[in-house]
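What follows is subunit A paired twice: with subunit B in the first complex and subunit C in the second.
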Partner chain A sequence: MASKQPTRDVITLKGSAAIVSEFLCYSVNSILFQRGVYPADEFGRVKKYGMTLLMCQQERVKAFIDTITQQIATWLETGTLQRVVMVIASMSTKEVLERWNFNIENDNEVIEKGVTREKSDKDIMTEIQAIMRQIAASVTFLPNIEEACTFDLLAYTSVDSEVPAEWAESDARLIHNPQVVKLRSIDTMVHQVEAMVAYKFTEEL
Partner chain B sequence: MITRSPVQRRRFPSSSGLLEPGSPAMDQLQRPSPTKRPRAPPDHVDDDDFLSRRALEVYNGAQRSGSHRMIAFTTRPETDLGPGEFDDLVEHFGPGSSYTLDCDDHDHLNDSSRCTYKCRSMVKSEVLENLEKREKQVFDLQSSVDSLRSKLSLTEDSEKRLVQSKKSLEQVVAASSGREASMHAQRLQESAKSDEMLRTQLKRCHELQARLQEEMQLKAEAEAKALAAEARALEAEQEKLINKENSTREINQLSRELARLRRDSDYSLKRLRVENETQMEQTQLVAEEIDTLMTQLDEEKKLLAQTVEEKQELEHKLADAMKQLATRTTTGSEADTVIKHLQDELNKSSADVAEARKLKQMHVNVALLKEQLHSEQLRANRAEAGLTDLVNLQSRVNVLESELERWSDMIEVIPGAQTRDDVPRCIAELQRAAVAATAKTGDATSQISELKIAVERAERSKLLAEARASTLQEEVADAMMNAARLERKIAMLSSERDGLKRILESYDSEEAVIASHRKPGDKIANLSTPEKSKDNRIQELSSALNDAQQNITQLDDALSQSNNTAAEQRQKIESLTEELNDAIEKINSLNREGERLRKEVAGLELKLGRGEFNRATTKVLHLVKNLESGGSSTKSTVVTRETNKTQSEELAALTKQIASLEKREARYRQIFADKISLFREACYLLFGYKVQMHEEKDSLTLMPVTVFTLQSIYAASDEDKLLFQLNQGRMDMLATDFTTSPEISRQVTTFLKNFKSIPAFMANLTMELFNRTTLS
Partner chain C sequence: MAKVFHSPTRSDARNDRHPLREQFSPEPLGRKTPKSKTPGRPSDRFITDRSAMDFNIANYMLAGLEENAVNNGSVHSPSKEEYKKQLAENLLRCNNHQRQSRILAFKSKPPPPPEGFENSRKSLYSQNASPGESKPRAYFRHIPQTAERTLDAPDLLDDYYLNLLDWSANNVLAIALGNTVYLWDATTCSIAELLTADEDGPVTSVHWAPDGRYLAVGLNNADVQLWDSQELRQLRSLKGHSARVGSLAWNGPVLSSGSRDSSIINHDVRIRDHVIGRMEAHEQEVCGLKWSPSGHQLASGGNDNLLYIWDASAASNQGPSPYLLRLDDHRAAVKALAWCPFQSNLLASGGGTADRCIKFWNTHTGVCLNSIDTQSQVCALQWSKHEREILSSHGFSQNQLCLWKYPSMVKLAELTGHTSRVLHLAQSPDGYTIASAAGDETLRFWKVFGDPEALKAKSRSKAKEVGSVLHSLTRIR
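And now, the complex of A and B:
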């Protein structure tokens, strides 16, 4: 009875969590490359979402991102994750230069009752592609990063959620008087991710 | 009679002068003519008619002219004519018209007499005709008078009847007017009611307007309040800003002062340290000096001891010498001189010693003084520097004092602040006040918005009231229209009534005519029929009246129905307008809500963009072992990045080097190859053997071994080769077909086995092969 098409378009909570966490992993890598946080020769090319993306090959960074991606996936499955923020800060002054904000809206019906939603993979992929392209294009308007930088990933979770081992509460690491540019969003019908970048505004003299 | 017309009067005087009684003219006149009828005496003229006068005139004219004239005298008519008749006659002839023929010409006397005759006859016939006519007229008039009299009696009768009917009709009219009046009163009452309603509505309207004005006033007050509050807030903010600026300036100044003081203190500390050091140095120097002096002293003491010893020795010597002198007298004088000399020397030397001591002391003193001078100079320098510092410090102190004064002035200016510590408190208070003011302004704005809403409501109610007033006005207009309609109806009714009256009149007139035509005897017999007809008519009229009344009631009903429907519709309209207003209000409130929500969304988005979050619902987590905490790796990446750079540079340099080295190597190889081939060529030519070298693996030990293949220049065939193996510094010959041949094997045994000499074997073999080739 059931043809191939509808079975493919059904999106479960777990599947959505996997899609979103994978998307976050790739976008973090893409930002690391585009913003030049690590040298370009430390990145390797990967085909994904119908486009060529760059993944950091430094073992330490890879391990860091993988750990966080796994944790994000589990959080997404429980619906406790509200936001993931990638902070790019100066290494010397620790000043936050950019905040890449991924706001996550959870569909509570899916999380509580376990119902499924329908959306084709192709549509989701198109949305992800659009964000990836926006990240690549953001280099044109974001200020040049001239000093050595490092990054951190902050997870905004609900207060009642358990803090896993190896994780600790952190400062929000806000930028004073930032410029905000809203990017596109992706929607798996279970999780909606709105991307936004806030950066330190330096007035032209 | 004579003085009737001015013409006559004019004429008479003209003739009166001539017309004297007893005058010859008169005589002529009185003389009767044979052809004429006896005429009336001239005294009759006064009493007679006009014609006689005319004749007289004619006669007078003839007299004046002196000619004979015939004058016709009209006799009095038989019929008695009234005075009016004469008037008519006068008019007939007219004062201007003259029948006289002025015959002034003497030559035509006969003609004139004929003419007068003709005239007389003409006048007579005319007068007669007129008379007849007049008589006829009189008769006619008398008959008409008679008929008119009869008519008068008839009309009087009819007038009486008409008066009666008029009275009855007046009663009817009075009744109808009474009805009309009652209806009018009803209408007036209705109109009064509607007027009252209108007035009440207007009153309400006025009240609402008054309320609106009050609201407007309140709004204006609130706005004024809000403005005042804003102004106050602005002032407070400005004050705050000024205070902030002042405080920041003060803080800056104080920090600068602090820095300066710190610098000063550092400087003084340094100075003190330097001084201390110099002091220490001095003390060290002094100690050294002391040491040196002590050593010098020791030396001096030693010297002194030596000199004392010398002196003692010399004294001893002297004593000896004295002894010798005593013993030796021969040399006494010489000895004395020597002694003296020596004593002098001794004295000199002692003086020298003293001088030396003095000089030493002087030297020490000079060094000390030098030291002191140096230290004094240093001190002087320091003192100079201190003086400049002092000047600087004084200027700074002055500046600071002025600043302090300014500050104190400012603190005095700031209300409620007595010391510098009060300034931040004041600022905090002002900030609080600003916050309060902003809150107030917020309240005021909210009040304004509320008032605006109230004003809107009031306006809406005003509009409603106006709409109501307009509807009421419409109602009033309707009522007026109804009244007009009713009036028109009344007019119609009255016209109808008039028509009926007219019909009645016509009937009455008919009746009167009939009555007049009937004989009095028939009157009594026919009296019943007109009454009947009247009754019938009355009945008809009453029925018509009833019909009309029914019509009126029907019309009234219709009117009331239409009024009711209109009222219903009006109510509907009112309810609908109320609903509409409610809907508009709802829409407005929804719009406001939407705007507010949009603002909220914008604010929240901005907050989201900044990364703000609610601590009550959200917490921020990150990996403890993040890349920043273990900064070494990231640092190392930077280091590697840097080293990479250097490495790449190095690499480039090295590759360059490698290239150059490779080139060199190739060149060397080439050279080596050339040299080797040259060497091999030389060896071949010198020793007669072509040597080839290659590496092989040993069949037993699997170790790499170098195998040399030698071929003699004199070899008979190419197969004649010698094989040697160099293994760990030992050269072994390997057996080949050539070496196992009996000639060679003999040589092998003699040279290699017995003497173990490869060169000898080789030389022998060369010689053997040479001999063989050359000899063969």
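And now, the complex of A and C:
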């Protein structure tokens, strides 16, 4: 297979969708670990993107993320996904504490005409690594999460796309008076993903 | 590279995005306006992204724009409108009936974290994220930041529930290292080995009698032994407990011992039937025990997160004695206890890892006077005899000693050096030096409560100054 070679330059729509959805899956897991949403002992180490990442091993969380990842891949292939947002909200008050934004820009030409793009795997991996490191480093500036929290994933799709049966419309679950930190972006030449985190800003006491 | 755009309006909306804002998309009409720092004016069309985050304004906007929705061209079903209205009323902070995208969420939700799970990141980062209030403030007295002297303490048990260090009135430091109790004479720096409890060990607590000659030693086999430090021999053995004795406290001839069997026994060491009182209220190991300076009250802290105050008169009665106060504000084991030397009925207590608080109590009324979150396990507390200050020792993450001004609880100094939690503190008889023993198996001496030499020199120089001023006055005239 071509994957034996150091670089695989041709990127198809399907391949790009796979890369991006997989990246989102790892990002979500990484955020769950770094922000301590679930206990650290529920995470297992996985080698990926040339670094060690932590993946949630709890069955229900895994199933939830996997289902969504699959749906995201489908949407990416049709070019209808505009944004994926991971929301971390307090369990007791339901207040949204953090919003991790992944904005996706689709390349129309690829989706409509089926042309392919070129970019080396290594470059994409470097970009993904950078975001993963930024997620890990984000704990230094994000406020401490002091209470039990849950997370949720929101998908922004275009209005003309169909709503799958298991999905429901939701509100944006925005944060009041947020602080926003832009993270790096990845670009597969088909999908461009810009990451960003918004968090609830509390004034000094 | 060509980007995918589904409609011209959408592309507009995309290009307008501000890189560092979160709120952008649902508002094609609110574009092009540079983001104002203040919340946008409530007008029906030009709504800045910022204002979309403002609940009040957004709600108002939503109500005002409800009719305009028809102009948007898209047809909304009544149920959808109703749905949006509900959202707006409840939590929606933007008017997204003009949005370009559909926000979808998976119907089933991820499971909540397990019951009782506490975010472990908190303890990892709370030290770094501590706000300015914990910054040590400049203070007129110089507090040495490093230990004056460091001694090796091999085999010191790293056990939070034991009390292995004490400093006698005769300036002799007793420390239990494994099965052995050593005496270190602070005046001569000589070391003596007092006892080795091979079968009965390890030693779980040491405490000097007020006269500084007799040392009470608590052992793992539930015995309490009384030793003469001058002749280095055992005087007697006090039995009564059924588990290890982790805490001891003297009140005149009465020795109180707290044990893992959750009871506290008062021994009168002068008489044959030494058990004169048994106090049972704790449900777990008693790890902190201190008599008040007046000798009227005994404070006991346990692994059951409780702090009890006992009356001395009740303690000497045979049979179970009732406590005066039961204080349940701590959320972790209460080991660190210290009675205030300058204010009667004032007790400071510190909680373990899950609590991290130092609390001050009026032991007459049981009122909690103050509570400070120290961001770390509180292992020991010592009041200064000279200043209104209190020293606390901590565990993870910095293993530091903190000097606090009382009652403002301003942090005067933070002394680091230990590489593991600082389990025990002992104060020299003159009250200027503090010895700290930590899980890193070192014993360190700190001159935190001032230096008697420096104080003397200061007062002398002050006197000189005054003298010279007077002198000059006489010379002028």
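Please note the rule applied: the second predicted complex is superposed on the first by the 198 of 205 C-alpha atoms of A that agree within 3 Å, B and C clash if a C-alpha of one lies under 4 Å from a C-alpha of the other, contacts with A are read in each partner's own complex, and residues count from 1 in each chain.
By definition in this document, a contact is a pair of C-beta atoms (placed from the backbone, for glycine too) under 8 Å apart; a residue touches a chain by one contact, two chains touch by 3 or more.
What you are looking at is a predicted structure, and each value in this text was computed from that prediction instead of being measured.
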Partner chain(s) touched by A:Leu153 [first = subunit B, second = subunit C, both, neither]: both
Contacts of A:Gln58 with subunit B and subunit C, given as first, second, both or neither: both
A:Glu98 touches, of subunit B and subunit C: first, second, both or neither? neither
Touched subunit A residues, subunit B compared with subunit C: C
Contacts of A:Glu127 with subunit B and subunit C, given as first, second, both or neither: neither
Touching partner for A:Ala40 - first (subunit B), second (subunit C), both, neither: second
First (subunit B), second (subunit C), both or neither touched by A:Leu174: both
Contacts of A:Ala89 with subunit B and subunit C, given as first, second, both or neither: first
First, second, both or neither for A:Ile68, with subunit B first and subunit C second: both
Interface residues of subunit A shared between complexes with subunit B and subunit C: 38-39, 58, 60-61, 64, 67-68, 82-83, 91, 94, 99, 101, 148, 150-159, 161, 163, 166-175, 178, 180, 182, 196, 198
Partner subunit A, residues of subunit B touching it in the complex: 605-606, 608-613, 616-628, 630-631, 633-635, 637-638, 641, 644
Subunit A to subunit C touching residues, read off their complex: 34-40, 58, 60-61, 64-65, 67-68, 71, 79, 82-83, 91, 94, 99, 101, 105-109, 111, 139-140, 143-161, 163-164, 166-178, 180-182, 189, 192, 196, 198, 204-205
Contacting residues of subunit C [partner subunit A, same complex]: 1-6, 10, 14, 19-23, 25-26, 52-55, 74, 83, 87, 91-94, 96, 99-114, 117, 119-122, 125-126, 128-129, 131-133
Complex contact set, residues of subunit A against subunit B: 38-39, 42, 58, 60-61, 64, 67-68, 82-83, 85, 89, 91, 94, 99, 101, 103, 148, 150-159, 161, 163, 166-175, 178, 180, 182, 196, 198
